[in-house]
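One structure, as structure tokens, below. Some questions next.
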Amino acid sequence: MTSGLQILILGLALGGVYALMAIGLSMTYGVMRILNLSHAAFMVLGAYLAYWALQILRIDPLVSILINGPLFFIFGIILYRILFVPLAGRPRYTEATLLLSFGLALSIEGMMGALWTGIYRLANPPYATRSLAFGSFYIPEGQMYATAASLWILTALWGFLQKTRFGRAIRATMQNRTAAQIVGVNVERISALAFGLGMASAGISGSLLSFLFPFFPGKHWQWISILLSLVVLGGMGSLIGTVVGALMLAVASVYVSSILGPTWSPATFYAALFLVLMIRPQGLFGKREV
Amino acid sequence: MALLDQIRIVIPHRLETRSLILLSLALVLFLLPILQVVSDGYNYVLHVLMVIFMYIALASGWNIIGGYAGYTSLGHPVFFALGAYFSGVLLVYRGWSPFWTAPIAGLVATLFGFAFGLVALRTRGPAFVISTIALLLLARLILDNWEWVGGSNGLSLPMIGWPYRLYKIPFYYGMLLTALLAMWVSYRIRHSKLGLFLRAIAMDETKAEVAGINTRMCKVIAFAISAFFAGICGALWGYQQTYLRPTIFLTIGAAADLVLINLVGGRGTVAGPVLGAALRVGLDELVVNQFGSTELNITATGLLMILIVLFFPGGIIGALRERQRLPRLLDWD
Amino acid sequence: MSILELEEISAGYGMGPDILNRVSIRFEAGLIHCLIGPNGAGKSTLLRVIAGLLRPRSGRVLLEGKVISGLRPDQILAHGICLVPQDRSLFPDMTVRENLLMGGYIERDQRQVSRRIDEVLEIFPEVRRHLNHRAGTLSGGEQQMVAIARGLMIHPRVMMLDEPSLGLAPLVVDRIFEAISRLKTLGITVLIVEQNVRKGLVYADRGYVLDMGHLSFEGPAREVIEDPRLQELYLGRMVLSNREGQR
């Protein structure tokens, strides 16, 4: 058994990383109503890139953020233009994006399996196995760096969304797409930008994932359902909700893990999802869809 | 005269060519096992056909919620596994034959589907598919760790006590009947009020609701019915395999199969899943099994799905119908 | 001289029928134009076509003789045509200030935008005290004011207002129309769609009647009010708004 405060510390640290992992997913849905089931597949792809960057080029996973971010951003914009723009105006658009990204996720999973086989990987930078003690509490060093990086990136994203012209346009498009068009936002371009940012966050999360959690190609299904669970808890398309949902569920999962063992910690997310659908389907910060 | 009238009642007034062809096809399929009885060597054919029947039943069932109502489910492998484990456990611990417990397994899956649907289908749109992924992974987690049903090692079932030469035949008939039932139910729903409501939901759920349709109940019922066929198929398939293991049933790949079959054939049409199932198994036997690794298979599934969503969102049936080239033989809507 | 001209515009949604059927209209610079017509006549559709939110199926929209139909909404906005739609289309979770900032979105120079906010607040001082409130929390009349102020951010030459009085109390309606008159004094060409026929035409210089996708007649606003064909077109509603006018 771990003490309550220790659980809280570990949970919040973990939640910070989950928030970064899910923020892109939430934004892509909020801006474009795209439900990107391939988000976590790209995250795992990012983890592989970070892993090999460490193995072969000796690039630290934290440094590989600087590679993965821009790389996935550009890739995301290309992907959006090729795959998602043709779907625009379709009836049942979200459903179409869901199926499309489902196919995308499978393709990426298959390719990762072909390239790197199905064995578990875990990047092993020097800090991955160390722990820092604060009095009677401890925190794994890798986890601490990952959380710090996540919080830093989330803050930067927040500043971008609040203070810059494009950031405001992204928020405006999330709130009212037609209104955004009316004030002259080129919503197609903003959508591409938002999708690119979402993918960049997936790539960056992948760098962090590479040394925090063991991964293999098929692992992304577990990740996507964890991330979607906390997005639904927060309210689909609400960025603040996603962050709050991530923190809450991360703490809960650490708690469950300390009682029932780590095997059952993913079950926390699934159970929470069903509970949310039962009690408050629109999530904590969501608006009821009319 | 009286005799003629009686015949008229039994035989539809105008036996059109289409019904004739389909009926004779069914008759051929019913008689096919005789070949195996008379001369050995047809077990492979029977097996392939049996797998096709299973996919027809699974996909036609999936189509009721996923096609008619337009709610993509990735959770159907759970009902399949539920049926398999239900009948499997009764076989192992009680000795009851899955051929008798399969319909009950179907009902258990229906009940479970109904309960799950009540929760997951409360909202409109994408929350449902998310909850089905979670259901699948949760079921996997539970079965992997539930030692009573063998955990991740699975459960071995006693073999059916028939001679090798004949042992495929009961499974063949079981799956054939299930497939026919699924097609019939799918057809009846498509031409019923429920089917109309479901398609209204798929097109515009808000409008359907405004029109006074109890959309939630319609969706839940559709979901429950579609779970029934997955339950039966699971019971029969598990017995046929002689072992149950979470990795066989509870994968996203298995869920993707059902989606892809419907997308290829034509989601929301009666004939689509049937056509898709035949193609899926046929291609599997001809191509994938020759060259394929799992990775290649997954990649191909994904790419195919992308291409269909982008270029043929109506699948084969939809594309043919759009070009007015759909043969009457396949127009069951 | 006409500033904005529609030439034989036909338009509709998706695969649906033509909602607008070869509509031709000229709007004169600096005047208030009021477009009236029964529900579903296609008035909002007309404004959407001008704003570039809906492509016409045939016909052209000309701004001072230059074709603007076919441009993107942001490009049309850059030509100085702005729309205040029926639902006001504010950004509910943003503050009023942020809404105004978004109004100046097409201007890249942020200092220009800040300066423009001050100018707009001088024209509409009543908006100032709500600057830091979330737009979604304002009353209907306040939202309408903010929507108009937001439209002003781009120095528009033509401002289109879709049913600005919709759902507002009579007293508030007067304030809105008074604000619209202020637009005229700024030299802005105004195009209003109104259900409140009498109110709209009293403030307007010219009236246009749209019925089932056709322009059925037009003229000086005072003449349109008196026109018997108008009485015919919507007798019931006339009586209603007369009564409103007397209150």
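Just a few scattered comments:
Which chain is which? They are A, B and C, in the order written, and residues in each are numbered from 1.
Methods note: a contact is a pair of C-beta atoms (placed from the backbone, for glycine too) under 8 Å apart; a residue touches a chain by one contact, two chains touch by 3 or more.
Note that this is a predicted model, so its numbers are computed, not measured.
Path length between subunit A and subunit C in the chain contact graph, taken as the least number of steps between touching chains: 1. Taking the mean of each chain's C-alpha atoms, the chain whose centre lies closest to the overall C-alpha mean is A. The geometric centre of subunit A is 42 Å away from that of subunit C, both derived from CA atoms. Separating the CA-averaged centres of subunit B and subunit C is a span of 55 Å.
Between subunit A and subunit B, the centres computed from C-alpha atoms are 34 Å apart.
The part of subunit A that touches subunit C in the complex is made up of residues 165, 168-169, 171-172, 175-176, 178-186.
By the touch rule above, subunit A contacts subunit B in their complex via residues 29, 35, 83, 86-87, 90-92, 94-96, 98-100, 102-111, 113-114, 217-218, 221-222, 224-225, 228-229, 232, 236, 263-264, 266-267, 269-271, 273-274, 277-278, 281-282, 289-290. Residues 70, 72, 119-120, 122-127, 129-131, 133-135, 137-138, 141, 145, 202-203, 206, 252-253, 256, 259, 263, 293-306, 309-310, 313 of subunit B are the ones that touch subunit A when the two sit in their complex. Partner subunit A is touched in their complex by these residues of subunit C: 51, 53, 72-74, 77-78, 82-83, 85, 89-94, 98, 101-103, 105-106, 108, 110, 150, 154.
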